[in-house]
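Pasting the structures here.
Shared between the two complexes below is chain A, which has chain B as its partner in the first and chain C in the second.
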Partner chain A sequence: MSNSSHGLRDLSILNIISSILGNYFIRKILVGLVTIWVVITVTFFIMRLAPGGPFTGERQLDPAVLANLRHSYGLDLPLWKQYAMYMLNLLHGDLGPSLKDTTFTVKELLGIGLPNSILLGLLALANALIFGVSIGTLAALHHNGWQDYTVMFIAIVGIICPSFVLAPLLTLVFGVNWGILPVAGFGSHSPEHWLYFFSPEYQHGSHWWSFMIPTIPKESILWAFDKHLILPVISLSLPVIAMLARLTRGSMIEVMNANYIRTARAKGLSERRIIVKHALKGALLPVVSVLGPLIAGITTGSVVIEKIYNISGVGRYFVDGALNRDYTLVLGTVVLYSALLISLNTIVDITYGYIDPRIKK
Partner chain B sequence: MTSLLKTRKEKAKDIMEMQSRSLWGDALHRLLSNRAAVVSLWILFLIIIFSLVTPIIVSHIEYYVDLDTPDGDTIPLLFYHWGFPSKYPDAEALDYTTTILDHATQPPSLHHLFGTDGDGRDILLRVAYGAKISLAVGFVATAVSLCIGVVYGTTAGYFGGRIDTFMMRVVDIMYGLPFMFLVILLMTLFGKQFILLFVALGAVQWLTMARIVRGQTMSIRQKEFIEAAEALGVPTSRILFKHIIPNILGPVIVYITLTVPAVILEESFLSFLGLGVQEPMTSWGVLISNGKDVMQQAPWMLIFPATFLAITLLCFNFIGDGLRDALDPKDR
Partner chain C sequence: MNENENNNILLDVKNLTTTFSTQEGNVAAVNDLSFQIKAGETLGVVGESGSGKSQLFMSILGLLANNGKAEGSVKYKGKEILNQKKTLEEIRGDRLSMIFQDSMTSLNPFVKISDQLTEVLMVHRGISYNDALNEAINMLDMVSIPRAKTRVHRYPHEFSGGMRQRVMIAMSLICKPDLLIADEPTTALDVTVQAQILDIIDNLKKELNMAVVMITHDLGVVARVAENVMVMYGGRAIEKGTVDEIFYTPSHPYTAGLLASMPRLDDDSNKALYTIQGSPPNLQNLPVGCAFSPRCEYVMDQCKTSVPPLECFDVNRHRACFLDNYQDLIENINRGQ
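Coming up: the complex of A and B.
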């Protein structure tokens, strides 16, 4: 596409621009920015085209009050003006007030939800990567052995059992029938929490030695690291584990038959060194290439998981906001999600170009 | 040795058989020798028959009664399978509320093979209705994505150059979109219409289809027979539809079999959130969503729809794998 040939060329502005655009990284980042803008614009206009508004509730408002409300939120302006205002505010990092929950701004609501969602998503991603890649490798090394069949069974379960079936089943077995894991109550400071000893409630002047014990403030993220997280993380990551295990197994089997592995064996390297240093490096390329869709899948899945386990994350705000026509809240969540997903995708793309130079054209 | 002992006639027959096997015949033969794919095809066929036939059979066993409520209203109990002892029960003698309580949340029995739900509806019948809608959504949305993807992909691949660069850049950008969120948004804003569900889910899936089709088209475009057709003055649309599209069908069919389960899963996902199919229509996602709320008291309400969903997804995956093996030119 763009002129990126090397050698002498005259330094007109157009050539400089095209050589900058020809740069792989800059091109990727620009595409990412354009994508975020497209998503925000599309979402903005879809929301406004839809019938109904944030103030069409059960009880009919007085027309004068309604007009005042609409005026105070700028909803009576022409659409293009609203759009321009929203984009300008967005550039300043202002997501506007929530139209339904008027005591909060959108930023505050997302500030409550985002840490929970990110914690859940990151733990699920880490869980999926660690387990998926390792059991995939295990299956490939014992090709057609019992380990292989076990892993393939898990992979099939992951395919046919979506997270919204898995989560209730896990809850039933571990939470209700066996009673070893809590069902809901994520992020609480209950006495069952393993850090309860350090909670302000417990240590607040109840003992003479309390002043020696450091307390963990209520807002701390540490409170979220709890057994309440186990079931959500497992049900969110199992489908991803299945997918990763299948992928790793396939590419690992292929790589282990490659010529350079045979050469490494002929050189007399230990099996462990061959696998860790040589085989995994090649076999993990496809895994890196699916990281983008994988993160998107975890984010989407987390909408359901947050609903099932009653976790107040961004996904719940999104669904509730859309149902209530809370324009600013929905736009805020979409902006947040798309910025997150697209920047992660861009990072993955750039990393992939770095790992596998053939990609960079 | 055996070939030496064959008569001339047999040899001729062998040669004829070898020649008569076309590309598609060969693929079909490979597919039919794949046991998992064949079994999956049969199971899928049975599920489709089940979804079509069960409502007919059960409605014969079912008792259509007009119940008179104490308020003087008449309620036609169309979908309600009560399992009355006699065929024509004395409707006057029935009390609406007690009847519902009597027949609600029954465990599986001979009368209700899969049990009943909280409204006394037969789960077997509900699962069959759900199968109809889930499969219909799967097939129609896939068809939508097929139409968009094939037209888009062949256009980009055939014309090439700047048009191709531009069209594929658009696809690249759309790949980055959080599509499920836009679908959720569409479903919540535009009144959960059934048609919209098809279109929205199809619109999510066409991107990969377009990429596959474009790649195939570009490689076929280089072939001599396209050049010959162009030299003969065949119009572009005819070249596209008569010469190029039939030749890219293989990978497209494989991708279709993988798209259908993905769409079914997405539909269940939306229905689970309460945004997809609405009552009184039902789908497996709706049934699973209803079932998980009462899974302690009535596990059959979750188990049966979930099993059907799982089996269907599994079958489609096996068929897709089988088709890929059958149509993959690398193996040949």
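Coming up: the complex of A and C.
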């Protein structure tokens, strides 16, 4: 008797758990957290597999000094212990000190780099979306016209020419040959602005999420219009523009031939209204659905671009950190990147469901 | 008298020719076709699939695909509208409306029914959204969509095929047009739903006092709703007349063949249905003479060299055929079986 009621209660707890797991958002967040954990773990051990360490340099260090250094960073502990300690600290939001750049913690470095990287990424993304979608639409509306052929030519060039090829080319032409645009150094001249976010006067009395509110210090309002960014943004976005232009063109051509566009015409709507009110939404669905991979592409692309143009961003810290075996810095950038990409992907999924009423539950 | 007649003419189509340019050559979809539609008339347009029925009316409304070109003259209430982009934009959906066969795909899946209906009124009448919405709900009531007040705010995918066709009808009639062109509106639907849709069109036609063009390959549909019939073959009109005339005394061998190949409820002999021999004409390479001549049992030398013109031979009856003795076409077919 008591046994069966016990069993029933278990069942109802199971039900609650499964209904919580059944919730779309909670499931997404759980999957995201597990993914981040897997990525961190893999990165942690792969880094240690690489030969050398943070303190191997041109000049051989005195063995005693080296042992001291390793001890002070806990690198002499067994690997599993280091891993456990790192994960424990991470849970408290502590990313540790940078092993190489001893004046900064990893968090501070990311605090300097993230705004620069986000600005670069957002500008590239906006650039890509605006130009990619509009020239793709233009090409579709003039299907087989000269506009179409021009756009497709640009698109093919953009696709066969990745940003790590494009960047040196642009640098050569605009920076070296013509000398009209700076080729390096965005953000590195004034990192102090970003340290402001971590300063006591900023953090005092503000919430932990304050950094998400765009409270850009006044003196750096012009920061976003820095001409140091022109070449990096172009190099980063051109391949994406090409990809988006092709995608938009294809889906726009398809949509403009759809029966419901014929209906819109039969209703006597103007061509403008037909495109804006009836065609664009359907034509942009494929664009929205590639937004996740696209953002990931821009993010990984920015790693190379930041390195080439010497921008103090997360991507450059990642590359430098990996080259210098700055374990904590690399792990910090990986944590940041994976959290960023996973949350953006989730947002994209939700947006998609919002645009296409047929898949809304 | 004559003046009065002219005033009654809604649509006056003269020598309409529509060609599509394709990689394989030009497709002659409509060939030198002329006809008129009077106010309040119901005209059935019949012919095999591919005979140019849809493209004829697409040309009139300026809805041709980019590779299509229409020539000739189409006058709406005396005003030239063929290829007149601006004029057509004003009268499409307002004075002349069209609904299509593919009810599942004719509504925009991304836009609420309410927005799709109201925008027609807002664009053509310039009225407010709220007024337009009331009218939209009225129209949905008129096409018998249950709970129109709430369902107007749904998306198309929440409606069945028959319901979507009702929405299309409501949308095309919301401005109370002079003419509704219904292009095989029931072909894609269940038989029972077909009957409902035809009833709805029939009732609204009376209520709104509009003319209707019913395009179909189904003679049953024509018999049910139309007063007059135009039979098309190879992009030409080959016969015109009232429903009774066409059904009882067809004057063209093709029409007679169509009728004989239609299953009849009043015929209990278990005879196999008649089929017209041969295949529909190749529109990229029409015969020099009558397009039907390669399939015609009564073909004469004359038919192979010149196209028979569509001529009036009785009050409002027209035929395009050189055959003089057409009175017993149907009997001849039945006897031959």
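Everything that follows uses one rule, which is that the second predicted complex is superposed on the first by the 302 of 361 C-alpha atoms of A that agree within 3 Å, B and C clash if a C-alpha of one lies under 4 Å from a C-alpha of the other, contacts with A are read in each partner's own complex, and residues count from 1 in each chain.
Everything that follows uses one rule, which is that a residue touches a chain if its C-beta (ideal position, glycine included) is under 8 Å from a C-beta of that chain, and two chains touch if they have at least 3 such contacts.
Predicted, not measured: the structure shown is a model, and the values here were computed from it.
Have a look at chain B and chain C on chain A after the superposition and call it: clash or fit.
On the superposed model, which is not a single observed complex, chain B and chain C fit side by side.
With the two structures laid over each other on chain A, which partner does A:F318 touch: chain B (first), chain C (second), both, or neither?
In the superposed model, A:F318 contacts chain B only, not chain C.
Contact-wise, after the overlay, does A:Y260 reach chain B, chain C, both or neither (first, second, both, neither)?
Second partner only.
With both complexes overlaid on chain A, does A:R273 touch chain B (first), chain C (second), both or neither?
second
Looking at A:G74 after the superposition, I want to know if it touches chain B, chain C, both of them or none. Which is it: first, second, both, neither?
It touches nothing on chain B or chain C.
With both complexes overlaid on chain A, does A:G145 touch chain B (first), chain C (second), both or neither?
A:G145 contacts neither chain B nor chain C.
Chain B or chain C: which reaches more residues on chain A?
Looking at chain A, the partner in contact with more of its residues is B.
After superposition on the shared chain, which partner residues are touched by A:G111: those of chain B (first), chain C (second), both, or neither?
Touch partners of A:G111: none, neither chain B nor chain C.
Please provide the least distance in Å between a C-alpha atom of chain B and a C-alpha atom of chain C in the combined superposition.
For chain B and chain C in the superposition, the minimum C-alpha gap reads 13 Å.
Provide the residue numbers of chain A that touch chain C in the complex, in ascending order.
Those residues of chain A that touch chain C are 143, 257-260, 262-270, 273, 277-278, 281-282, 355-358.
In their complex, what parts of chain A are in touch with chain B?
Touch residues, chain A against chain B: 1, 31-32, 34-35, 38-39, 42-43, 46-47, 49-52, 156, 159-162, 164-165, 168-169, 172, 176, 296, 299-300, 303-304, 307-308, 318-319, 322-323, 325, 330, 333-334, 337-338, 341-342, 345.
In the complex formed with chain A, which residues of chain B make contact?
Per the touch definition, chain B meets chain A at residues 165, 169, 172-173, 176-178, 180-182, 184-186, 188-191, 265, 268-269, 272-273, 275, 285, 288-289, 292, 295-296, 299, 302, 306, 309-311, 313-314, 317.
Flag every residue of chain C that touches chain A in the complex, lowest number first.
Where chain C meets chain A, its residues are 61, 63, 65-66, 88-94, 97-98, 100, 102, 105-111, 119-120, 123-124, 155, 157, 168, 171-172.
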